[in-house]
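Naming follows writing order (A, B, C, D, E and F), and every chain is counted from residue 1.
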């Protein structure tokens, strides 16, 4: 047993708590501590990816209690990827925020660290109720971060976001109650066995619980009828927060993958079939809506918010084919889209600060400082976002197309995906040409924060790097997908033999 | 429940306490429901319920003191607490009623002015 | 940070004084006793009770600005006994009044002129009035130094006031003088 | 004897609680309702104690204590609000 | 990777010019020419291999899993195209050096130009289809920047966007097509794909693949109806137009069709799609070109027409059609580039491109006239010129067709007619500019002829046109034949130029020439006639479509995402009801096998009260305070329910939480309106009732179904191990602090974050006026009634004692750190209420955030303590100690953990309350709260 | 008893949902509170209904399922944190937006 495994949760938790305990801390120290913690998380992410790369699951028994009874943390390839992605993304966000945005409200860094603890916990836990708890941690922290900086738009969007998520939490508890009431267990591996062992007469109740979970995760992930909280919430929040939120919808996607592939994924005709059946059309519609919304949005942040929706649609539509290649392709797309939407949120702030008026609105024609530099960055970011070569967007699109080409329903995805790509192209070219090609000089030049520019460039560099080093990444993701599709291996590792035997004997 | 070794007298005392408490409390609640204005209604619960619940608690105290060897005064604590707080609650409610200029029944003597 | 008047006062008083470490010995004892009653008796609980008895007044005494002046503690017992008996009978009386048709009731307000001037004593008196026969203290008028009382059945205002004076206010003055 | 008395006492307290609820619903003023809720809290203390005796377990005492404390605090909060338009100032 | 160098060198050159973007156009041109020439030399070095028919393939892995490789291919076809790209590129650099003299933006131009060159080279030199696509998209992007080069001009911006959308869209189609193609073949390497022709043509997806690939090619090569972007790309600087339209961008599509010919061509579908598109493009382009008054516009449409011509040839499928197509492609590049250059010079010299104004330029620019006569003649297809031969090759090939019948009949006439038009517009651009009377209202006067050095590129290209016209067979053998062989992947004989002397092609050629002359002669009435036709501006239409699409999306999106929470919640709930409901309906029997337990009357009454109070809240929600009271009743009865069903811990927690929540709501209520307006319509009311009823029914059904079913629970483990393993008899508490202590750690973290968040976002909140108007100064409304203050103070120490009692008892009996914390918090809240915020602050600790942080830290540190013993996080330890005098007592780490819980709860609750209280304090002293 | 319990749950949920769909923040919070009561009771019931059987070792011969109780406890605390948060947020929004409509603006009718 290695204690490194729990550090992705404990480090940010301790950092956040210490920042509260030692208040009032000078903002410089807060930044230092927060950045140091995030760097450590990144290193841990790298460790996790290399450890999980062996294909073996790493377990951590909290309180030294065996699996179905105590809470167990499980590190597999998927968790490792998500940890690394979160850590990397948050490193950029915290650095960007440390350039001044963290001063706009109280306790940015403490809340940021708590947010990370919540997200990492959600990725690591092997217990369904514990997943709920970590969801709540990441949600409450996200509410606070969303409101960071104040203002009416944030209050309004925040209220909607909070209320919808409260309802979602209630549904989560209902699902947990149903599952526990029928199976008497909460550990995901144990649940999987129990679900598979339930006779057909009891299946509809379990499926009903799975549907509740689908709604809950669908709200987090932002699937079609459940996504309307997202555009305003994301476009209202401050840049580094919105950039961090790029991972939040992915938490929903992660939960869908984890729960539906593991808990409901066992047996001859797994219970997750119903979920995939619903997810496919809804995700496709989500994808379409994301494209249309991106085209119809009035500001860069709103557009990016719709791009988040689009990415979720793409992801879930691809996932719902449930083959090793489609899952792998979806994961690649997940990484790419998280990076790029984050880039766009930061870029919107960078551009907005340099515009004479209108911030990031498309309708205002206003001079912009440093327009060639910023225009160049925007151009490259837009290329990657639109899925044009040679950046990661192209690779991910290519993989998705290849992975779904053999599927009977694949052409629907192709059609919508390519149409949406065209819509993005129209949207970003309209935005870019309107902003950077219009004439006009700034009346008063504004300083451009070089560090912020470098951060954005570096993030785009990540997209390029993802493309350049595509092969190892793809191989890793393919293995990840294969691991996900074999829940029995997960169960065999997590549960001791006695627990498994008990399930088999039970009627 | 082990009542065999409990002396008959103690049992009787407990029973009387419990019943008396219940009756008194019911009368208090009846007053709350029946009396015509708020100031009069205040009298029912603040006293009757206090005593009613107090008796019940004493009954319980006796019961558990006997049941589990040793004195069980936790109930006494609750009673004490109720007796300390009930007047304050009544006081605050009466003030609130005055503040809201609630009507008294017309035959009330010296109705307070504004 | 804004200055904390109370902590400064504490420091001025000196860290070595008994007042600092044990502001209310009687109350501390009471708490320790209460602790033992709440839990079953054992040496461990006695020690713990004493620790709490010291610690809790230490933490809470800033909330108690004036020191208790219970001069004759033995009279408290008598006062409580009288009160309990009164409560019992008053309840019976009130119960009967409530159960009878309400037209027999003659509610009314009266102002009770206070002789006590200590806030703590006034509170005890007001509580006593509220707990006993058909009366509720409604408002304390600090300027007129009176207590506004509502009575469920007010037949003779002067007699009621005199009764309160004699049964409760006078003993209270004795206890707290 | 106690076994027969307790159900009677429980019934009486329940009746009392229903009367409290009646007052709580009809009002007419908010103070009446607060008074009703306060009484309801106190009556439920008795209900809990009786239930505890009936079960013979003695695990509900803390609940009774807590209801006494919390009932008081919430009554104070509500009346304070009515008096001043705020609770803490 | 020597082939890669051909691409890499211009790329590096682009970096160089970008770096030195502030230099003069001469220096920049030199900088740009250097890499171009280097690449050209490299390419020429491979001529022997190309002539020998060797196909060189160089491969480098990139992402083999996706079939994506950095692999290059050099054969005749790619060599020919690469030569054109680099060769004409060199001349364009030369030309641009003069064009940009004294103008801004030279650096940007040369950078983009070299990038573009690299991208084009990438297309033609790729062996891997996906790798080719990378460059394909790159040309779209760079051309977007080139077309929008004059950023001040709205036309340029629109033209750029339009070209990007059309070519980008085509790129997406091509991507789809190529992926399908690759999946069908099993490889994206050209070698494999070209060898798989028969299999592909028989494949299920052949039609789809062909359609998608052709859409990509057609959009890029401006085939009808995607030709719209090309003329509007004329807003670009002339060097850009010259480069894009002669040798590069538009030829990419043709290259692709030629490249994939062995794989996809020679089917009826190919014939119909390609030939018909080519015919339409040929005619539309030629027709529109005749009537253009803008020099560059005329040239652009003539380009469209010539692209159509080549496409037509590629579609025909006759043995030598490929030869004719590629031959004409070379000729077109050689005459179109100088014509564009000429148009640029005339534009610079006169300040306009309108041929109605530009007349009689022979007087001012005689040399230019002399030089441009040759490419103009070539475009017209006059004898001795390259164009003459290529046009006759077209006529000749059009006569070779045997099937289908319509084509045999129509195509010869069609191409003759198009030839006629091309003669007409060629004459027009030459005659109209250099003769046709005197200039009218030229913005620049007098027009000056450019320097001779500037004319050199035109001269060179004109000479090449002439050379090819004079020595077609040699030119064909050296340049085109290897390309034809590579494109067809079969052995073909040399083209027999002698056969062009045959009667029928000759006659067609003569008809075209005579007809063209005649047509030009009667141009005036034709122009008038044309002017009466409704004018269709593609740019306007495109913009209108774009605006319409955008507005439509905005409206559609707004209809869904209209900012109404009620609507979002409705979507959410309806989704849940449908998804869950459909499963519940499938349930065979809602009631499980377990027998129902008997209902006792008291519980029934309590349930009724619970229901009625909840309904009361719903009914009276407009009256907020009464609703809050009823909510309190609901909470109380939920508490009683927990107590009734053997959950004392839950009852305790529920009660204390409920009271704190009501107090907080009460605090908030003092700022909110006291009543909610009635604003729901009847229909809305009904709809909500239905949704609420359905959700309630669903929950009830689920709950009943579960309650009546047996289950096997892991709980037996907890009951058995609580005392031996966790050291406590209260199993619930042991679960909370030990078995599932991690949950509890998370739970207090949530509480702490919530409190800190409340602090953070109320910090700058200023409540100016209170919503609840109070007629202050009523005599009873004193702030701190003494009775309350006194009793509150008395309660505090007792409550603390009780806290301690509940805290210590928790492990074995109902209680625990959380409830103890709430009791403490409530007692302190009572101090706030009785004495006021300021009064209480002076007497207690006011820094609650450290309390929260400290609490979480205590709990975490307790968990970390187990590391010292080599145990996992949160492993508990406990022990019974027996000290002399003191007796036996138990100590457990769980207690320390619970202390963390206690501390956090106190801190969080008070932080929230104190901050809310602070909001109430309009002004005044008071310490900082938090 | 089970049927009664389920029906009570249904009523609580319905009232909560109905209030949740109203247009004022305060009402929505009332609805959320009712809903969380219902959800807690539901989760609690997943351990079945037990009378006179607290999950305390050595108190009764049989014992209620302690796990759902622990879960509900956690859920109650989290629910409390969330309620406190959303109440203050609603207050903030009402003050900043000058009305307490959930959408921050005061339409005459609920929006469709």
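A few notes on this one:
Assume contacts are C-beta pairs under 8 Å (C-beta built on N, C-alpha and C of every residue); 3 or more make two chains touch, one makes a residue touch a chain.
In this text, all values refer to a predicted model and were calculated from it rather than measured experimentally.
Using the contact threshold fixed earlier, the set of chains in contact with both chain B and chain C is E. Chain centroids computed from C-alpha atoms place A closest to the centre of all protein C-alpha atoms shown. The chain with its Cα centre farthest from the Cα centre of chain D is E. Across D-F and A-F, it is A-F that has more C-beta pairs touching.
Chain E has its Cα centroid 61 Å from the Cα centroid of chain D.
Centre to centre, using the average C-alpha position, chain A and chain D are separated by 48 Å. Centroids built from CA atoms put chain E at 71 Å from chain B. Annotation: 39 Å between the Cα-based centres of chain C and chain F.
Each of residues 28, 30, 42, 44, 50, 74, 77, 81, 84-88, 91-92, 95, 98-99 in chain B touches at least two other chains. Across the assembly, chain A contributes residues 129, 133, 136, 140, 143, 147, 159-160, 163, 167, 174, 177-178, 180-181, 186 that each touch 2 or more other chains. Of all residues in chain C, those that touch two or more other chains are 34, 38, 126-127, 137, 139. Chain contacts here follow an irregular pattern that is not a line, a ring, a star or a complete set. Shown are all chain pairs that touch, namely A-E, A-F, B-C, B-D, B-E, C-E, D-E, D-F, E-F. Per the touch definition, chain E reaches chain C in the complex via residues 780, 785-787, 789-791, 793, 796-798, 800-802, 804-805, 808, 831, 835, 840, 842-844, 885-889, 925, 927-928.
Looking at the complex, you find that chain C touches chain E at residues 1-2, 4-6, 27, 31, 34-35, 38-39, 42-44, 47-48, 52, 56-57, 59-60, 62-64, 119-120, 122-123, 126-127, 137, 139-140, 142. For chain E in complex with chain B, the touching residues are 778, 780-781, 785, 787-788, 791, 794-795, 798, 802. For chain D in complex with chain E, the residues that touch the partner chain are 10-11, 14, 17-18, 21, 24-25, 27, 30, 33-34, 37, 40-41, 44, 47-48, 51, 59-60, 62-63, 65-67, 69-74, 76-78, 80-81, 83-89.
Taken together, the chain A residues at the contact with chain F in this complex read 129, 133, 136, 140, 143, 147, 152, 155-156, 158-160, 162-163, 166-167, 169-170, 173-174, 176-178, 180-181, 186.
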